[in-house]
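Data block below; observations after.
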Amino acid sequence: TGSQQLSLPEYLRYGRQLILPGFGLPAQLKLRSVSILIVGAGGLGAPAAMYLAAAGVGHLGIVDYDNVETSNLQRQVIHSEFRQGLSKAYSAKMSVERYSHRFLTPDKDVNHMCIAYNILLDSSNALKIIKAYDIIVDATDNVATRYLLNDACVITGKPLVSGSALRMDGQLTVYNYKNGPCYRCLFPKPPPPETVVNCSDGGVLGAVTGVIGSLQALLAIKIAVGMDDPSEPHNLLIFSANSYPPFRSIKLRGRKKECAICGDNPTIKELQDYVQFCGSGALDKSPETMLL
Amino acid sequence: MSLKVKLSFSGGMELLFNNNKSAEVKIPASINPPNPTNMQDLIFWIRDNLLKERPGLFISENTVRPGILVLINETDWELEGELDYEIKDGDDIVFISTLHGG
Amino acid sequence: TGSQQLSLPEYLRYGRQLILPGFGLPAQLKLRSVSILIVGAGGLGAPAAMYLAAAGVGHLGIVDYDNVETSNLQRQVIHSEFRQGLSKAYSAKMSVERYSHRFLTPDKDVNHMCIAYNILLDSSNALKIIKAYDIIVDATDNVATRYLLNDACVITGKPLVSGSALRMDGQLTVYNYKNGPCYRCLFPKPPPPETVVNCSDGGVLGAVTGVIGSLQALLAIKIAVGMDDPSEPHNLLIFSANSYPPFRSIKLRGRKKECAICGDNPTIKELQDYVQFCGSGALDKSPETMLL
Amino acid sequence: MSLKVKLSFSGGMELLFNNNKSAEVKIPASINPPNPTNMQDLIFWIRDNLLKERPGLFISENTVRPGILVLINETDWELEGELDYEIKDGDDIVFISTLHGG
């Protein structure tokens, strides 16, 4: 949908991107026509949503079932003091619209929108939502939803830009993309529930989520405009704010033929019960034991 | 003969090792003679020599427990032969617990 | 100033940091009592200000002489559509106050504040402002101001957390800290003006400024709470969004004995005319030639 | 005899080299016999062999122009002897233009 030209306000708005070598008008038009779903409007989702909206992504979806709490504000800079108790998905949508001309004065020729999904993503609704987007950003905070998103992305054929953060550490990779691995290729079995720690229990520094969430936006933009380097191996970026060097890039295996979902003979053909599979779910904020 | 190996623990794994993020260790070149020391041997060696408690948070079914990724010289160990990889002097081996928070 | 305890709202707000290993109450109290000056409320200053305020830094200063323009919104996510024409320093202060309880309902015992400086920083005013802060964040966009900040930080003995971004690249280091180099130790002579490119002319992707600005906040927090690793060498982080690996850490020289300002026999003892020194100034938005 | 060297250009330097961010090159082990090739020689060699135009944006006063940082094997060249550093086979050398934008 939409014309293959930019309007004058769009030229003024996106000038700093239009003059980037290897970017230009074709890339900006691709951003305008791409749809990106951000799952999680927390520490990672906040910068990811802000930078994707600011860059001119035409169609953003934001999924979160939580409400804004005081303890979120130390890192989730897309929300505010005044939004406590409000749905995080709606709060994020409000912030995105605040600095995005496009969402406020939509051009009838161009399908600009931001949709807030105030729902708990699960096996009953994930495929329907994910099918409607080109790229999925995993900014969630629990193992069950990570397997759910992985399986839904494999089934629907979408790249999954996966970020995570805990304490002073972060990790970033793209699953199910260009014959690279899916989450199950790397982790066929879920971790024992007693080894899983979320940010509520382990803590996290806001700036760490800022780094990883900004990088998720960057990867999603590179995929959307086709900027990625064909010589780049499948890789995982590891960030540790109190190690030197703080960043390490790790070469990853490719797609595994034996993978239960993306392999040559998949045994998983539809979404599962991920809470049972992982022994904990999206709503379990504090597992009984937490050590790691 | 012995091999010098750099071990690193990240993503929370370090909490199992007195919060040490890395250690330079010397291990026998053949833990199970006459075979050269491989990753399988190294994992048991770490359990017996470095890990003081709760081995179930590190090992499960004779390999690292689910949710731990092992890197050999900046590369996913799956590309290097996993448990069968023969340790070489100077290897840089990382155990990472995957993070799920956001 | 202020008590050595946190209030209940502060415990609720900063809980995710208080439980971080090696952080806890002492670090949170240090953040509350530290003062940090952010010079530049643009692409880098936006995330730096947001994450420093969110983390509980008690006293923030934000310097910028520009007003919010349409072309800023593609990366400067602290501003918004509604703030066009407003001072960037004030706009940033407004955003910081929006999600910072502390700034809105100040505790009389605790000296919480955010000050906006809508001024052009130069040799006549820099020392006076910088003296009042513990840590300086260089989020500026021109060479002359970078030398000015460097010299002012050496003269007043403040660490300078320096970030820069252009196109798909970024750089990050701390100058004048723990016997490491200052900017002049690395670059005794300014680059020829025709080789200097700013973001207006070279372009920049917003998410790149998000990564570097978030890392600047993180470094400033580490310095404020004394978290830095003594075994970490003086170093420069280089980020290139379309290289693999994207991050490289470079070991840097220490302080140079012959440095004109931080050396053993400094020849520069007061601030200079930096526009003349560099052949261009903070207000020169488009030098005649730009190639690099 | 020749040396294989990896050259990288970053921070905008690559625009002087047809937008090539890196190049594997072979250079003589002694550009100025009988002396072994050093950084000074390499910089002139790059100007004469890789740089096609505007040498003033790369070289000034017989060294790299102000605003360029040189790295030898991930280390600031100042720690390695700067212009006097003798190039070794396999060296990884980076020329970075410092960025000033924000």
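We call the chains A, B, C and D, going by the order they appear; numbering starts again at 1 in every chain.
One rule holds in what follows: contacts are C-beta pairs under 8 Å (C-beta built on N, C-alpha and C of every residue); 3 or more make two chains touch, one makes a residue touch a chain.
The model shown is predicted, which means the values in this text are computed figures rather than measured ones.
The distance from the centre of chain C to the centre of chain D, each centre being the mean of the chain's C-alpha atoms, comes to 31 Å.
One inter-chain figure worth recording: chain B and chain C are separated by 40 Å, centre to centre, where each centre is the mean of the chain's CA atoms. For this pair, chain A with chain C, the centres built from the Cα atoms lie 28 Å apart. Looking at chain D, one finds that residues 15 touch two or more other chains.
The set of chain C residues that touch two or more partner chains comprises 21, 167, 199, 202, 204, 243, 248-249. A linear topology is adopted by the chain contact network, the touching chains following one after another without closure. Taken pair by pair, the chains that touch are A-B, A-C, C-D. The residues of chain A lying in touch with chain B in their complex are 40, 42-45, 139-143, 146, 163-167, 169-171, 186-192, 194-199, 202, 204, 209, 236, 238, 240, 243, 248-253, 256, 291-292. Chain D makes touch with chain C in their complex at residues 10-13, 15-16, 21, 54, 56-57, 60, 65-69, 71, 74-76, 78-79, 96-102. Of all the residues in chain C, the ones that touch chain A in their complex are 9, 12-23, 47, 50-51, 54-56, 70-71, 73-75, 77, 79-82, 98-101, 104, 167-168, 199-208, 210-211, 213-215, 217-218, 221-222, 227, 229, 231-233, 235, 237, 241-249.
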